[in-house]
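Chain naming follows the written order as A, B and C, and within any one chain the residues start at number 1.
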Amino acid sequence: MGNCCESASNFFGPQKNTNVRVSLPAVCFVWQIAMIVLFGVFIRYDEESDAHWVELKKTENLTDLQNEFYFRYPSFQDVHVMIFVGFGFLMTFLKRYSFSAVGFNFLIAAFGLQWALLMQGWFHHFDYSTGKIYIGIESLINADFCCAASLIAYGAILGKVSPVQLMVVTLFGVTLFAVEEYIILDLLHCRDSGGAMVIHCFGGYYGLAISWVLYRPNLHRSKRLNGSVYHSDLFAMIGTLFLWMFWPSFNSAIANHGDGQHRTAMNTYIALASSVLTTVALSSMSKKEGKLDMVHIQNATLAGGVAMGTAAEFMITPYGSLIVGFCIGIISTFGYLYVTPFLEKRLKLQDTCGIHNLHAVPGMLGGFIGAIVAATASESVYSKQGLIDTFGFTGKYENRSPGTQGGFQAAGVCVAMAFGLVGGAIVGFILKFPIWGDAADDYCFDDEAYWELPEEEETIPPVLEYNNHMTQHKHQET
Amino acid sequence: MGNCCESASNFFGPQKNTNVRVSLPAVCFVWQIAMIVLFGVFIRYDEESDAHWVELKKTENLTDLQNEFYFRYPSFQDVHVMIFVGFGFLMTFLKRYSFSAVGFNFLIAAFGLQWALLMQGWFHHFDYSTGKIYIGIESLINADFCCAASLIAYGAILGKVSPVQLMVVTLFGVTLFAVEEYIILDLLHCRDSGGAMVIHCFGGYYGLAISWVLYRPNLHRSKRLNGSVYHSDLFAMIGTLFLWMFWPSFNSAIANHGDGQHRTAMNTYIALASSVLTTVALSSMSKKEGKLDMVHIQNATLAGGVAMGTAAEFMITPYGSLIVGFCIGIISTFGYLYVTPFLEKRLKLQDTCGIHNLHAVPGMLGGFIGAIVAATASESVYSKQGLIDTFGFTGKYENRSPGTQGGFQAAGVCVAMAFGLVGGAIVGFILKFPIWGDAADDYCFDDEAYWELPEEEETIPPVLEYNNHMTQHKHQET
Amino acid sequence: MGNCCESASNFFGPQKNTNVRVSLPAVCFVWQIAMIVLFGVFIRYDEESDAHWVELKKTENLTDLQNEFYFRYPSFQDVHVMIFVGFGFLMTFLKRYSFSAVGFNFLIAAFGLQWALLMQGWFHHFDYSTGKIYIGIESLINADFCCAASLIAYGAILGKVSPVQLMVVTLFGVTLFAVEEYIILDLLHCRDSGGAMVIHCFGGYYGLAISWVLYRPNLHRSKRLNGSVYHSDLFAMIGTLFLWMFWPSFNSAIANHGDGQHRTAMNTYIALASSVLTTVALSSMSKKEGKLDMVHIQNATLAGGVAMGTAAEFMITPYGSLIVGFCIGIISTFGYLYVTPFLEKRLKLQDTCGIHNLHAVPGMLGGFIGAIVAATASESVYSKQGLIDTFGFTGKYENRSPGTQGGFQAAGVCVAMAFGLVGGAIVGFILKFPIWGDAADDYCFDDEAYWELPEEEETIPPVLEYNNHMTQHKHQET
């Protein structure tokens, strides 16, 4: 291989240096130590995870089950599976980039969730009287959510960046996320329990903007590796299915207790089912002989969950959920068929996993669907208290009308897009410095650059030959 | 490949047309639109998922946790994993039919659950005063259960039918399921929390009857593809293990609150453990050199869960559960060794996954085991109230004795079998029309017919050669 | 292959007999029948899973939700996934031993949990007045935990023993576990909710001692199979990720209700995130070109969960958890890099999965970390009642001080190590009898010995050739 590489570099110009032996450990160590220091200064257990809770329980006459843990923990674990197995395996579809897909997903999520606990803590749970952030189970869910945006962005640049660049993408991604989330959820007082706006729309456009800045005109030189093989597609289906199955938990994990979580899970379940059928229909229609394309089945089937990210908590009705899933399955598959190739040719935008069609557009549309459903909410449908609880019309928002809420929800979508596009462009330029260890155009989509790969399966010799050979070898050695 | 196919068709007679470019999208679109219309007319949120619940909560002095969501959601998600990852990956064992296994499983479950919400709703949750069906988390579990029967049927015809045929199998399967379930659970007032009768016995015989009608005398022509490879067997183990681990949730998901769910999960867990050991024992005994057969490990180990589908909710005792698992592991493995080959040779019944041994027979036996355990129930073992709660001896069933209950349970098994066999035969004849796009006998068990397959792994050329070749190619183009 | 084997045996001396056709079924049948008898004599439903509970509920004015089932079931299912998918798939990394990894893991866990219900029942839940053991959901979690120790031990001897030997390892492993657990938790009154001591430290040293006794000086003869291939490493990542994601459930599954479970899950989550970063850092530093090693990513990332097994329930603080994860990630990766090769060369200790670095050492250190955190506990940090609840300072332990508790915790670690080392050495000698059907040194790490393997993928012939050949063959036959 060594020789082959050298001659290749002579032929194509100097090969880039993908050695991250200094930069990757340095980033990991420095940032992890920073996390320890910042956690030491700021982060403490909240009331319900602190050992003092047993005394609180007595004084407030609570039962064990009223600990938030029991409302959220099963959903948290489902979300956790989506982040690490769902996103990780969804990206293993490339024939020789599966280690990086699942491994770097693991690395950046593990870093991102720590930084998210801090960033989200400062913006949402900072107690000015003590100067501390108090965390509990809901913080863990939100930290996982926050990572999701950066993992979505990873989908656009999959195969083209180094792990050090991914750490940078995550550092800025989490930071930007916390700010836009604060603006959308706190300042605009939007509802977005499944994060169609704050997670998917932001994460999608963030990744697209980065990828646009990092455009590689000669990426076709790695074309031989930019595709799947039979078993890599099956590994990707593990990711798809865990995402698909647990999406009801994703959308309902931090929804209101009781009917809120209940309705959110149901609406998401229904919309997802519907988007599977229209995805299959469009995929079959688009190919001669009516054959299905794994890319569509792996991705567009999930768009129903994204598009319900905001509206699932509202009274969108079961058939409303079906309609959303129906349309978004078509839109997303259409995107894979025509929009992604168009973006690549015309806009010089290379989007490895097609996050434009699975996250950016469905997230944006999901935000607007939420705005419309919110604007049309009425007391007869929600009940007076239901309206207050669902949209949080309490305190200084007591007099906000559903129509106004709809307007603010729509504004939220624009904020998410703006943060994604501008933030992504800036991060993209940072990543263009020639110091990050990314691969040359000829060596993209290849685990070889960052992983010790096992020898090929074909090289298992039969026992006798092998051992004879070994024995001879040993004799020669001695 | 094209040439090869043509010459093959000359040799073997006309090749069937597997082009589903019109029929598959048509079925998906028409049925999905029908779902939207019917959901619009009939389906509404139930009391606990409607935004009005917060007012109900106040008037009835409920706590958030009493929302049914918290009793059922963790079990629901486990069942959901079984349906999509469990059944889907269990069937990936064939070397070149894994896309269809996991992909069509995905498609028909996503359609089936929508149709199930309607069919089960009309039979069980229809409110005549409003003309609506009210759904909640338990409806979602039941919809997943209902799909399971059709997915079981898929196991018998795996590799031999087109996706359009599978949609038809599911449409009728769900319809028949809702009717037989209504007869068994409502009219006969049987208990069947894990669906040994209504799901496994019905689904198993339904699939066998379809496969019997669709008998292909020349299926041996696809023999080269009717087997596994090393990694496809490992993918199948993912399915097996998720089914095995979550079977306690499957059986307990809609069991009675409290001790009902608790006992059902425990009994199932114990029975499953026992069936693993007897499966291994019989598998090893049956082969020279005592080697284990992956087919047995992948399937017969699960029979313990099926056979406990009815009795797990009763006081069958922990050692009773062990005995059930012990026997059913032997029976199921014996079935794979001798009964399936016998059925194929003598009864002209081709059963790709051996659902006869994993679902039909264990389901039927599970129904009778439930009948016996019910018939021997006594007040001393259950307590007076326990007996009433476990068997639902309230209202017009107040005076039913355990013995009578046992009789009705046994009758339920017969109803399930009859529906499966007769319904399956009829559906089989419908599927014989030559319009469905199924493959010819030479091309069964092959994803090629319905999927765009990636190129082979072996064809990755080294970078230099490939790019030299590309460069030359480009020069020639220009 | 037959010929090749014969000539190999001539060359290398007599090949061992791996035929387990008598021994494996015999062990499975005899032990399973023994389980049925012992369950029949001893095991009954506990109060909360018995049908009498509905009467108890009335008299004690309980709600359904107060049934222990709802506190523990979601965590139980996560632990169950770790045992069967987590441990099973983690060991599939070898290129030709994946069937045995996942299949024998399945077998011994299914046996072990039954034996564990009995052994742990006799030691912890035996009611002398009735002579019965009463089991519930917590017993199932503990049974799964108990199996984990034997599955850890399997990691050290992976590829070198027969399934019959594994059954013996499990029988003794579960027995020893129950005794050491009784000494540590009951007699010494240690806290160890995640089992750093009783599960990981014991299981690790148990496996190492067995492997040390079973040292194979000529194991290099199987070197061709003692490695991974691309896809086997991906299957192993499924195991890694499910272990990593669900470790918070593992540590918190039997922790105290309320803040206990809440805090334990959080601390574990945080420590695990930290150990991912230091593992990646050290792995990259250790290789020229900074390439990552899958062995480290698959294993050392999990060490954070092991090391928090004892302390996670205590008020170790979030930054304390980060520090533990930080250090243990370094220690574990260092172990894979230098200690395992050293042990093999100098101590004649062959440790296939490197359990020394993932379980033995992190478990031991986790025990001591727990001891230190316990010793420094104070009323100001825990509150008076919190201290009592967390460390169980009630009854005869009412006057135990945190300092004393720390001492006992440290003593517990020593007990676990001693049981592991001595017990493992004894079991190792038992396994040296030449009756167990283990493979010769040339045929280790090979599924061929115990599994019917499918033909190779390469042998799929094109349809025409194959069928022509078949047709000719048939003609000749007739």
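Just so we're on the same page, a residue touches a chain if its C-beta (ideal position, glycine included) is under 8 Å from a C-beta of that chain, and two chains touch if they have at least 3 such contacts.
Keep in mind that what you see is a predicted model, and the values were worked out from it rather than measured.
J.: With a Cα-based fit, what is the angle in degrees between chain B and its identical partner chain C, given to the nearest 5?
T.: Roughly 120 degrees of rotation.
J.: Compare the two sides of the chain A and chain B interface and say whether they are made mostly of the same residue numbers, over half shared, or of different ones.
T.: different
J.: Return the distance between the CA-based centres of chain A and chain B, expressed in whole Å.
T.: That gives a centre separation of 31 Å.
J.: Residues of chain C touching 2+ other chains?
T.: Within chain C, the residues that touch at least two other chains are 65, 70, 74, 96, 231, 238.
J.: Where on chain A is chain B touching in the complex?
T.: 4-5, 7-8, 11-12, 65-66, 70-71, 74-75, 78, 95-96, 220-221, 223-225, 227-234, 237-238, 241-242, 244-246, 248-249, 257-259, 261-263, 265-266, 269-270, 272-274, 276-278, 280-282, 284-285, 287-294, 297, 301, 315, 317-319, 322-323, 326, 381-387, 389-390, 442-443
J.: For chain B, which residues are in contact with chain A within the complex?
T.: Residues in contact with chain A: 18-25, 28-29, 31-33, 35-36, 39-40, 43-45, 48-55, 57-58, 63-65, 67-70, 73-74, 77, 80-81, 84-85, 88-89, 92, 96, 98-99, 102-103, 106-107, 110-111, 113-114, 117, 135-137, 140, 163, 231, 235, 238, 437, 449-457, 460-464, 466-468, 470.
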